[in-house]
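My structure is below; once you've seen it, I'll send some questions.
Just so it is clear, A, B, C and D label the chains in written order, and each chain counts residues from 1 on its own.
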Amino acid sequence: MIERYTTAEMKSIWSEEARLQTWFAIELAQAKARMQMGFVPEDVVMRLYQQSGTIDWTKFSHRMQEHERELKHDVIAFLTTLEEFIGEDAKVLHFGMTSSDVVDTAFALSLQKSGRQILERLDVFEKALMYQAKKYQNTVCLGRTHGQAAEITTFGLKLLSYVAEVKRDKERLLRAIEEISHAKLSGAVGNYGNSDPQIEARVLSSLGLLVEPVSTQIVPRDRHAVFFNTLAVIGGCLERLAVEIRHLMRSEVGEAFEPFGSKQRGSSAMPHKKNPILTENVTGLARLLRSYAGAALEDQALWHERDISHSSVERVIGPDATTVLDFALVRMTSVIEGLVVDAERMRAHVDAVGEMIYSESVMLKLVEKGLERQIAYGYVQQAAFESRQEHKRFLYCLAAHLEIKKYLTHQDISDLMSHDHHLRHVQTIFDRR
Amino acid sequence: MIERYTTAEMKSIWSEEARLQTWFAIELAQAKARMQMGFVPEDVVMRLYQQSGTIDWTKFSHRMQEHERELKHDVIAFLTTLEEFIGEDAKVLHFGMTSSDVVDTAFALSLQKSGRQILERLDVFEKALMYQAKKYQNTVCLGRTHGQAAEITTFGLKLLSYVAEVKRDKERLLRAIEEISHAKLSGAVGNYGNSDPQIEARVLSSLGLLVEPVSTQIVPRDRHAVFFNTLAVIGGCLERLAVEIRHLMRSEVGEAFEPFGSKQRGSSAMPHKKNPILTENVTGLARLLRSYAGAALEDQALWHERDISHSSVERVIGPDATTVLDFALVRMTSVIEGLVVDAERMRAHVDAVGEMIYSESVMLKLVEKGLERQIAYGYVQQAAFESRQEHKRFLYCLAAHLEIKKYLTHQDISDLMSHDHHLRHVQTIFDRR
Amino acid sequence: MIERYTTAEMKSIWSEEARLQTWFAIELAQAKARMQMGFVPEDVVMRLYQQSGTIDWTKFSHRMQEHERELKHDVIAFLTTLEEFIGEDAKVLHFGMTSSDVVDTAFALSLQKSGRQILERLDVFEKALMYQAKKYQNTVCLGRTHGQAAEITTFGLKLLSYVAEVKRDKERLLRAIEEISHAKLSGAVGNYGNSDPQIEARVLSSLGLLVEPVSTQIVPRDRHAVFFNTLAVIGGCLERLAVEIRHLMRSEVGEAFEPFGSKQRGSSAMPHKKNPILTENVTGLARLLRSYAGAALEDQALWHERDISHSSVERVIGPDATTVLDFALVRMTSVIEGLVVDAERMRAHVDAVGEMIYSESVMLKLVEKGLERQIAYGYVQQAAFESRQEHKRFLYCLAAHLEIKKYLTHQDISDLMSHDHHLRHVQTIFDRR
Amino acid sequence: MIERYTTAEMKSIWSEEARLQTWFAIELAQAKARMQMGFVPEDVVMRLYQQSGTIDWTKFSHRMQEHERELKHDVIAFLTTLEEFIGEDAKVLHFGMTSSDVVDTAFALSLQKSGRQILERLDVFEKALMYQAKKYQNTVCLGRTHGQAAEITTFGLKLLSYVAEVKRDKERLLRAIEEISHAKLSGAVGNYGNSDPQIEARVLSSLGLLVEPVSTQIVPRDRHAVFFNTLAVIGGCLERLAVEIRHLMRSEVGEAFEPFGSKQRGSSAMPHKKNPILTENVTGLARLLRSYAGAALEDQALWHERDISHSSVERVIGPDATTVLDFALVRMTSVIEGLVVDAERMRAHVDAVGEMIYSESVMLKLVEKGLERQIAYGYVQQAAFESRQEHKRFLYCLAAHLEIKKYLTHQDISDLMSHDHHLRHVQTIFDRR
């Protein structure tokens, strides 16, 4: 991923050095497991652990690249370099393992770390959302459907919908992390031909991973498809919120705003502008997350016990998808934390639509009074259109309607038009979420 | 979905008549809930239930279409038609509901039914796979990576990998069904302005659905994104198996075959052919499932309390994705049930590669004897290439290798080359899956 | 595609009957070509042509389905049925052809027809857009970037951008139609083993198709990938316009509206609403078009001289993608033709932002007067924020700014604030598009 | 894009330094145009051009990043830095321009350069393919459909199919390059409010770009959707070839092989293996290209005169998609140039299928002799299945068939089985491609 969208956390998880260290950690864990089972002398393993702290991984990485150019095989290059750096003792490493036992297990660890990192971000994000949801729980604003004023609601309730979605996303991500926390040390075709399920069990458990019940040369890629699709679904949540804020920040709406630095500039040509660039940015990032998910889905149908076509995809989307989402979460959290809300403007919009939002209440009251629904609907619609076209108060148009007034008085209608009544269940929703 | 790929079950779930009946069932359930709460007289509801059995839904559908052409609103057309078919009593229906309370809830019910239908198919499919996996548990064949002979394995173990994947898919689908089994009767913007959480709770519980904790006008679409992506992931499982069988059925491989009807014809031009048309077909269907998943992901970011852009997408992919997957499962199950396995050919391929598959065992033995891994690797590779180029037995090339023979005798090497040893953990894997 | 989104034109192109008729037309054309080259007696071909008019294709289709259930091969079922319907003479048909010579060529003809149908729709759509663009060429309105008022423009110029895009789309579609107008009668693996390039040339030319220079069993699928991606790009144009109109129709904007039937109902619950349901619908359809394009891209990498995995994809997306786009074009054309424009509201929004949109002109004038750009920018931004916060006219804030007034008088600034000056190049753009 | 897949050429096109230099080149070109029209003194522009060579762009970039952190606007940070590096004269730059006039134009130049780079690669790739196609024009091998031996063909003809596809790809890319070679200097909303079409025309022509007839703040993104989809279609061509080679390199097929370095290692565990890692890698890269194309399609429907959501997408896929394709082309070209072909093995496979591939010829001859096609088909199929099941020569089974022998003698059938006859049109195809 480009520097611009790379968080420090993701950079350190996906760096070349981190990758090689993880490979080494897996080799060490396997040597230790074999030691525990009596195949490797204890002093060798102890020396290996001691040496593991002394390796200069940047130097290691350079040397390994030289080998790889010749050998065209990364794990063999890694082992060759290890022998150079560690000497004799390296001989006990990788015994009975196939490259994928190392590479795939390391990938699981990196995805697991990234997933947990994102989970933490979701936590912070949820808290920021909940804070604002509570703060604005009773801030009256328009609910809009089809981009049209529909009925009143509260800004807090709008935000609560994202709190609930983030909760779902956290559960999904937890499961997706579990999905990709499976690994295997089951050899070249998954049946432990030169290896042993007990070694695998020890190694994976010491690494915090689960045993893949039936593996091929690698862990099956349906797990990864689920993982990357989960990231895309979370991206969709961020996009929905980003689009919401972009709408609220429109010149004509102006109800809520991204935070804006005091020295920040909106446009190189137009000094008067404040643009929702953070949320527009996140909108685009969600597209990237969707696209990575598509590539992951295509990786499932590998040939026989594995072909390596998934690898180029995962080398890219492994870091890119997790990094983009991590960045987008940081960004959206800062937007929510610094969100500028214009409650007066919200209220003004409610007042402007005014009584129109009670059209349903009036219609329902007419039905209660015995009118057929479709007829009641027609009467109220006539009053609504009259009110709009002739710029008269909806209340007056209703009260003056020749048919409606047979059933409802001016006072009846006026009583129906109450914010409090309309919002009486908001607390219930807050309580149960 | 086109007729060709439509199962009877999916046809009945997604028919126009089924949709209208579901709408009516929801309206009835709401009337009943309001009756229980004292808002509607019992006799009206009883009459409505009685009438519900008498409606000719095909006739109903035609009449409703006439209304819709004029009104350009499906639910209003539905209610108008209901009033015609049911008369006076219809007045108590839809009270305090918004269209989405009906349409979205009905969509949840259709997806739930489709999901459960697919779950049943997965069950049957898993059983068919398990039957064959056990049958061929000890049928020796090549494990292949990169399309190259790698090490021996058993055909049953290959199939067991799909059993395990289908198990995962069933769990995922169960969760995905739960995701889309949430619904809402919370009104126009999700806050029960003209309605009541208690009514919603009663209605949804009677329909077998769960209450959406925080809804807008509709249930949030992250749930549907998860559902359709789950279908795509299951499609990926079918595709992986389809590709496996297509490979095994290649002229040059010929190890397993789709069932082939006695009157079936392979090619209009080439009477000698048997083509894997069923599995090729499923390969394509998996692409469709992926594409529908992409569209579902784009549906998440609706505007404010909802815009209706998701609707055209869902009208298509709701039936299409579930139907395609249902069909593909039926097809793949029949392929697995009727799978023709040529165990002799499998064995012949193992024999042809012969001793080469033990190259790793030999290398590891050399390492045990004290050689450095990379050097051992090089020696064994030299013997392997010599064997291939000069068409000599690998065993002889190894035994004759000037360096190898310093460590291993002909007998040592010969002992390493045992199928039983290599496959000693297959039963373990079967036991734990 | 579902009935709801199927135009009569597309229905007739993609019907089962049309498909079988096309197959027969190809067989006939081949028989005729072989007659011209002396291989088939003239009277047989003449009788075949006569019979072709007499076949009841619905009956034919039913009978063929019976055969297909047994034979599991559609072309062989077709030929078997033909022999039943036509008798003896059918024997000269399909000579030296492989199924794909028929099926793939027929698919080319159906796509070609669909493509041309869409091209006509684009023509009508472009005219509707151009009519409105000219009508509103000088209707002043806000240009908006980031959903923020930016500078003034005209509504006609906004629409002209779509005219230009549709022009591009027409060129792209023309090329895409040419792409998929290639076909082959080159036999089972594309080398005319049992056939003849001369026959192919005659047949395809008589059908209005081009010869694929190097085919396999089928026409290579890069052509189809281009075709379906072109449909998706056109869908993107419709979506951009749909989103534009949805924005303009927002309650708070209210500058342009979808046409609204006199009996149409906006919401079952809210009688006061007018919803942009047509453009929301088209927004969703664009997602479907994108998803079909993804599936088509996956069809490219078929195995060897062909596998049939593309077929299930194309059976679905062939009709579905073309039908959805055809429908969306009809819909958007009606929206544009019936577009309700509120020029007063547009003007009011311009006036509301007022002088702010001239911020760039003022800044540039300051730079001309010798100020450094960044400094000028800062001064103007200060005046802009002051104007917004204290609800004072921007002109006054500028003229009163302690630094600005060193360079520009009240009159200077006032002179810069002219619509006509700002819009002086609109005619130029109209002239060149 | 990750280092591993980045070519030197793409690295230099997409580096931060290159981007800033391009921005400066655009600013200079505009100053020059304004000079030619008399708005800027000649000596200032001359000094600017002189200074342009002296800037240390790495230093510049660092300083600019400091500014951007504060200003949160890249172009303003750029201009601010320019003023620092160049002083007084910088004042004439960016006059009347909006940020997008610079950024979007620079993006067009980078895409144009990348596109041309890829075009050169396609040229080299096509030549490599053509060389091998001619070399193997008459190398007999199996044509395969459904992974089944179908009829004989030549390996050169198989390769020629890719030559033809690459030719098409070059044409498509040329058009796609033209698509994204359009640019605009038309200001904030595309109507030259503070600028002039004549300046735009001069600047773009001097940069080798075309004027966008109707722009908004940016060039419309349908152009980019076409560009990135074209890259995906080219990726699909590479994937098809990659899959072909992976198939041919299978252990059981072994007809063609990726080049394999003398020190290269196939597997860390299995020293005997040669894996098609290059073509598997390219298979994965094609998935990435498809995914980027999907993101580009979503960028089309920007809000009003532009929102900036496309920008994060393009910052990533601009370099990534072009780089991945460039790399994949280099890789596939080296595979084709070094392709190892085992013509003997190809011939052996042809011989193994043997006479079966002439089944169609025999059937057609029977039809010529007066048999009905379906009956002839059945007879030949019987002989084919008999031959396969009883391991007898197809010729004998045919000649011994009780019905066939009524029409054809052993000699008749034997005469039909000629490679030369079957391949008589190969030269024709080579001539016309």
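In this section, a contact is a pair of C-beta atoms (placed from the backbone, for glycine too) under 8 Å apart; a residue touches a chain by one contact, two chains touch by 3 or more.
Small disclaimer: the values here were computed from a predicted structure and weren't measured.
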More C-beta pairs touching across which pair, A-D or B-D? A-D
Find the pair in C-D, B-D or A-B that has over half of its contact pairs, by residue number, in common with A-C. B-D
Once you find the CA centre of chain C and the CA centre of chain D, what distance in Å lies between them? 24
In whole angstrom, how far does the Cα centroid of chain B sit from the Cα centroid of chain D? 32
Would you pick out the residues of chain A that each touch at least 2 other chains? 76, 79, 94, 98, 144-147, 150-151, 187-188, 194, 246-247, 265-270, 275, 277, 280, 283, 290, 294, 298, 303, 307-308, 360, 377
Residues on chain B engaged by chain D in the complex (per definition of touch): 142, 144-151, 246-247, 249-253, 265-277, 280, 294, 298, 349, 353, 356-357, 359-360, 363, 377-378, 380-381, 384-385, 387-388, 394
Spell out the part of chain D that touches chain A in their complex, as residue ranges. 1-2, 4-5, 70-73, 75-76, 79, 94, 97-99, 187-188, 194, 246, 261, 263-270, 275, 277, 280-285, 287-288, 290-292, 294-295, 298-299, 303, 307-313, 315-317, 319-320, 324
Where on chain D does chain C make contact in their complex? 76, 79-80, 83, 90-91, 93-96, 98, 143-147, 150-154, 157-158, 160-161, 163-165, 168-169, 172, 175, 179, 187-194, 196-197, 213-217, 220-223, 225-226, 229, 232-233, 236-237, 239-240, 242-244, 247, 283, 286, 290, 293-294, 297-298, 300-308, 360-361, 364, 367, 372-374, 377, 422-426, 428-429, 432-433
